[in-house]
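Look for chain A in each of the two complexes below; its partner is chain B in the first and chain C in the second.
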Partner chain A sequence: MMDVGRHPKIKLFAYSEVEEVSGYVGNFQVKVRKKARYVREKDCNACGECVKVCPVAVPDEFQQGFSSRKAIYLQLPQAVPSAYLIDMQTCMGNNPIACGKCAEVCEKKCIDYDMQDEIIDLKVGAIVVATGMDVYDPTELDEYGYRSFENVITSMEFERLICASGATQGHFIRPTDHKTPKSIGFIQCVGSRSEKRGKSYCSNICCMNTIKDSVLLCDHYPGTEIKVFYIDIRAFGKAFEDLYRRSKQEGVKYIRGLPGEVVEDPKTKNLIVTVENTTTGEVERHEIEMLVLSVGVLPRQDGSLIQKLLTLSLTADGFFMESHPKLKPVDAPTKGVFFAGCAEFPKDVKDSVTQAGAAAARSEIILNADRIKVEAITSMVDKDMCTACEICYRACPYKCILVDREKKTPAEIIEAACAGCGTCGAECPFGAVTMRHFTDTQIIAQIEAILEENPQEKTVVFACNWCSYAGGDMAGISRLQYPPNQRIIKTMCSGRVDEEFVLYAFKLGAPMVLVSGCHFADCHYIDANRWTVKRVEKLWDKLEKMGIRPERLQLEWISAAEGQKFAKVMKEVEEMRKKVTKEEIEFTKKALADLKFKGEKRRAKLEADKAKMEKVVV
Partner chain B sequence: MADKKNPGKENDLRIGVFVCECGLNIAGSLDCEEVRKSAETLPDVAVAVLNKYTCADPGQNEIKRYIKEHNLNRVVVASCSPRMHEPTFRACVADVGVNPYLLEMVNLREHCSWVHLHDRKAATEKAKDMVKVGVARARYLDPQIERTVPVTKAALVIGGGVAGIQTSLDLADSGIQVYLVEKGPSIGGIMAALDKTYPTMDCSI
Partner chain C sequence: MKSINYKFREKLNSTIGGEAHNFCYQCGACVGDCPAAMYSPDFNPREILLQAILGDEKTLTGENSPIWNCTNCYTCYERCPQAVRPVEVIIALKNICYQKMTAAPEVREIVDSVKATGRTVKITSLSDRRRKELGLKEVKIVPMEELRELFEQ
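After this line comes the complex of A and B, so read on.
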């Protein structure tokens, strides 16, 4: 921590938040809000005179509420930067100044009640997301009695009770009588590995954390009776099994089974834990003086802003999704963005440090290059075809299109900022936008090839590159079997799927069309898939009006992790396909016989106008 | 004037199709030779080749050799997911002067052989169809130019827990300017709130 504070190449913005990110790999522009501390960070030498006179006392969050702090405070004794700050919510100093005592005693005169937030503009080439984790709050698990019984605490609270810099100077006492407990229980998997409450994943760190806690207790208070209630102990890492063995040798009892009930003895405030010991198959009752809930790790609850700013996705567990779970575990799908630590998944200190090194190395690949390649798959506009209607601008998630309807300035793509979703191309009513590498011509050629032979047996599937196509890959990797009747056309984003692609497939005799993309929060192009929904809904109306069953066009959100869902959807769509009759297909072909591509229409109009002009001139 | 760099604008298309067996991953559940034969009959296909492992060096060398010998200007690799090996094959064709965007991949493994393990005939038919769609797309591929941009030699690290601290130090030690943004008043994160850390039982701060 200290090294960060004094490193000449690190500029630390504490008490600050990232507010805006624009640009692209190698060239991000970032706005950071440095919140007012009301104490000038550079001048404060943390002498602590201010704290002595501050009349306010509030629970100390860092000490898990076991002690209090003042309105002017240091978050922790070893804080970096080592500068106080004022919590204006509780301070009596600001507007009107009712107290002002701290300012009076501050020799360095570094307290400023009128300090304002600062906005700082930064330019960077790479971004590492190390936003960390939250801790599960076990209040909802009534059976464990957290918050009902004072002597039930969480593993985070345990840390502050056993730590020498904690509220009790490291004397481990129980809250009700401030005595050191002679028997302590630990309940594992609190908020983890449960389909019903908390999270379904294993939080990775809690088994070893409890083992560590048990060894600490044995060291500090020999003879303490310690019982650990668990499902199974996961001691998989280097030197982990040794520590587990040491804990058992010290006399810690491991009881396989999660308690069904915890009640408090009203007199002694001891806790009676009822558990089915699954090793013996018997229901046991254990009276213990203190109970520690080994709470799980949650994704950051305030992560949505960073997710939106950096166009990141989440996996089903709520953590940030990596570019590839095995081959690019540190890279975000957004180029130039990397993950370190628990932002990606729960991990312990060693794994966090390992991944941090990897994120630094991955960033350096970009940062040490003089120039880097940018996305080649971008949009381009045929200015003659464009009517400057601004629809593309409205659809663009990145707002990287310059166009002015009033001045009739045709659209122009800012290519360096274009990420290549293709939504503009699909929305353009005049066929003026071409999506590089996913042109109309290419996609139409694919539709034609699919439906050239036995079209009645096939479903045309549009799958986005990042999620649903990858979900198909996951189905394959998992060897999930489904019928062989679907043909996939990959686009970068489902936002690229033009309504005329769907209609054209129906015109050529496709019984079914499926459009699939990322779940809403997961779209790799911010929210381009919202346009997919609008378009598909419009298409359903259109089909219905034409007398075509709208169910023949399906829309599904399938994430890269959802191989099972992909296979399930494939099976369902195949069942639907079987129900589409020959007559229906023939009817549809006739109903769409006059379908013309929008580009053709626009071109025909331009030519007609030109001919008219020539006539007038003649 | 004939523009050799951009054959899409001419009608002189010469497509090479490379069907990968991927050991038994693909060949185990569909008839790769039949897929290859069918590919030969597709429009503008100059040559269709079977490989055991197209991604391995011998497979890539085959692609390069055929590009040179048959003057290929489009390449279709029918193997695994492009999410896996598109960068491999793009680099491979670029090595012998073909624009990397003139490569098309057909996902025979993840999207066909692995999901139709028990119906060889149907899997083979689907694979033939998939290659046909790939070739149809390849006929309209255009070369693309990957532009380059300068890089700002600085990094933003969001979050000052143990991971953010370590990333910042590693980057800074290698000479890169780091901006570390921490939401709270001090860095340290969860780690700073811990007493000891496993498995070595040393202090967290």
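After this line comes the complex of A and C, so read on.
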């Protein structure tokens, strides 16, 4: 951190918040609120005189409440920049009757009670999200008695107790009698791997953290009895198994079983842990002097703020979703945004550093390029047709469309940020937006070609490029058999499938239409397939009102690996197709005889307007 | 070497309450706080779940099955991190036992009593007298027809 603070090319904004991000890859505009520290950062030399005179004492957050800090303080001893700051919530202020003592003793005169928050506008090319994590609060697990019994602490609190710069200068003592405990227990998976309380994933770091802690204790206080209650020890990394072995050699007892209950002996304040040793099948009671709960990792509680700022998406667990879980693990779905560390998923120091390095390198590529290449498949707008209704902006998962309804500025696509899902084109009610290489005309021509001969024997299938179409490939590679009556039209995303494509297929006599895309969490365009669902649901209603069986339009999610499912769905759809009668098809054709494309309607209106104008001029 | 009886597991999966047994990872949290396990050495909910995973039909649903020691206190339901609901798996096993006619005769008596009178405990003239002495209202009549209809369904 010191190096970062001193580096001539790195600007560090400590104690600041990002308020607004606009623009796109290579051209982000970021608004940063630099909060008032009430101490001039450049002048402060951290002499510490102000702390001595400050009369306010509050619990120290960094020390997990084991010690107190003053209203003027350094967040942590190694803080960069090394300058004090005043916590105005607790400071008594510069009223001479109330206080103002720190300003009196400060030789450099760097205390300014009237300092205001500063707004800084930055222009950046790439953004790395490294917002870290929160830890699980085990209070709700009442069987462990955290907060009821003082000698039950979390692994974060343990860290502060054993740290040389901690509240006890590294002397490990227990809270009740300030003596070094002779026996210590650790409970693993507190708040992790739990379906009910806490999170269902494995938090990745707690096993190794406990093993490290046990070795530390053995080094500092030989002869301490250490018991670890665990379900599985996951020592998967480089040299992890060695440390686990060393810990066992030092005499740490590993007991396989999750404790059911912890009670406190009211006299000695020792803790009695009831646990089934699953290796022997016996219920055991262990009396220990101190208990450490190895708490799991949570995503940042305020992660949704950053999610909105950068149009990111979150996984079901609440961590940020990467662009692709295997092939682009550092990139965010928004171009020019990258992840490092626990913002993406719980990981240890080594993995965080690795990912941070990768994120920095990926950012460098953008920063060093004068121009970046984008896929040719982007959306385009016919400005005459556009009415600036903002519907495309709302549908765009990347928010890469500039449009203003009030000023009637027609939509404009930021092509550097457009990923090419085509949802805007499908949602546009006037046919003004279309996609390069997947234009309305192209897709309509494909539908016409499919239904040219014997339309009653064919099913029109819309498959997205990434999942469903690849699922079809998989079915082919796996030599799976399925009926040959389906005709596939590929789109980049199922979000591209316009309402009128489906209706047009029915108009031409298609017995069945299938729309297929990626599974919800796997959409390659953040959440574009949610628009597919909305649209298909709307279509079902519409068809029903017209007297057409809504079952003739099917919606399925098929992933690239699901060749089996692809074949199964095709078989099911074929069964349904066989049940569609000739009369039904004829009825549908008639019902949709007047179908007009939205583009046609708008163009007709524009031409009529034009003709009117000309008349007026004449 | 034990082989796994998947047929029995499928049966357990299709019984209400039994479907979550697949997710048990044998942590033993259910045992640490189980009042029945504390006093009877042959009752251990984790082992019952292990036997369920192995599909040990004989032990679980035979006569003298350990499952009948469960007190239905639902502590394991609270403790289980994987939401396996051990107590409900045990109830499902009890139901299977009843169907297989391996449940204890006392259980059968209770079930028959519910089917006949709608009560688990018989109302006798003695209990009526005791209620009067204590100033309690007379026991309500169970709407047997409705109940019978429910059983038939």
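Please note the rule applied: the second predicted complex is superposed on the first by the 375 of 618 C-alpha atoms of A that agree within 3 Å, B and C clash if a C-alpha of one lies under 4 Å from a C-alpha of the other, contacts with A are read in each partner's own complex, and residues count from 1 in each chain.
Methods note: a contact is a pair of C-beta atoms (placed from the backbone, for glycine too) under 8 Å apart; a residue touches a chain by one contact, two chains touch by 3 or more.
What you see is a predicted model; the values in this text were computed from it and never measured.
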Touched partner set for A:75, first chain B, second chain C, both or neither: first
Which superposed partner A:450 touches (first chain B, second chain C, both, neither): first
Which of chain B and chain C A:6 touches, first, second, both or neither: neither
First, second, both or neither for A:278, with chain B first and chain C second: second
First (chain B), second (chain C), both or neither touched by A:196: second
Chain B versus chain C as contact partner of A:231, first or second or both or neither: second
Touching partner for A:42 - first (chain B), second (chain C), both, neither: neither
When both partners are placed on the shared chain, which of chain B and chain C touches more of chain A: B
First, second, both or neither for A:615, with chain B first and chain C second: neither
First, second, both or neither for A:326, with chain B first and chain C second: neither
Parts of chain A lying in touch with chain C, wherever the complex brings them together: 143, 189, 193-198, 231-232, 256-261, 274-278, 281, 283
Touching residues (chain side chain C, partner chain A) in the complex: 23, 25-34, 37-38, 44, 46-47, 75, 78-83
Residue ranges of chain B touching chain A (in the complex, touch as defined): 81-84, 101, 107, 109-112, 114-119, 122-123, 125-126, 129-130, 132-133, 135-137, 139-142, 144-201, 204-205
Chain B-touching residues of chain A, taken from the complex the two chains share: 1, 3-4, 7-18, 24, 26-28, 30, 32, 37, 62, 74-76, 78-81, 85, 122-133, 135, 156, 159-160, 162-164, 166, 170, 208-209, 211-212, 215-216, 237-240, 242-243, 306, 324, 340-343, 348-349, 352-353, 355-357, 359-361, 363-364, 366-374, 376-377, 415-416, 436-437, 439, 441-442, 445-446, 448-450, 452-453, 465, 469-470, 472-473, 475-477, 479-482, 484, 487-490, 567
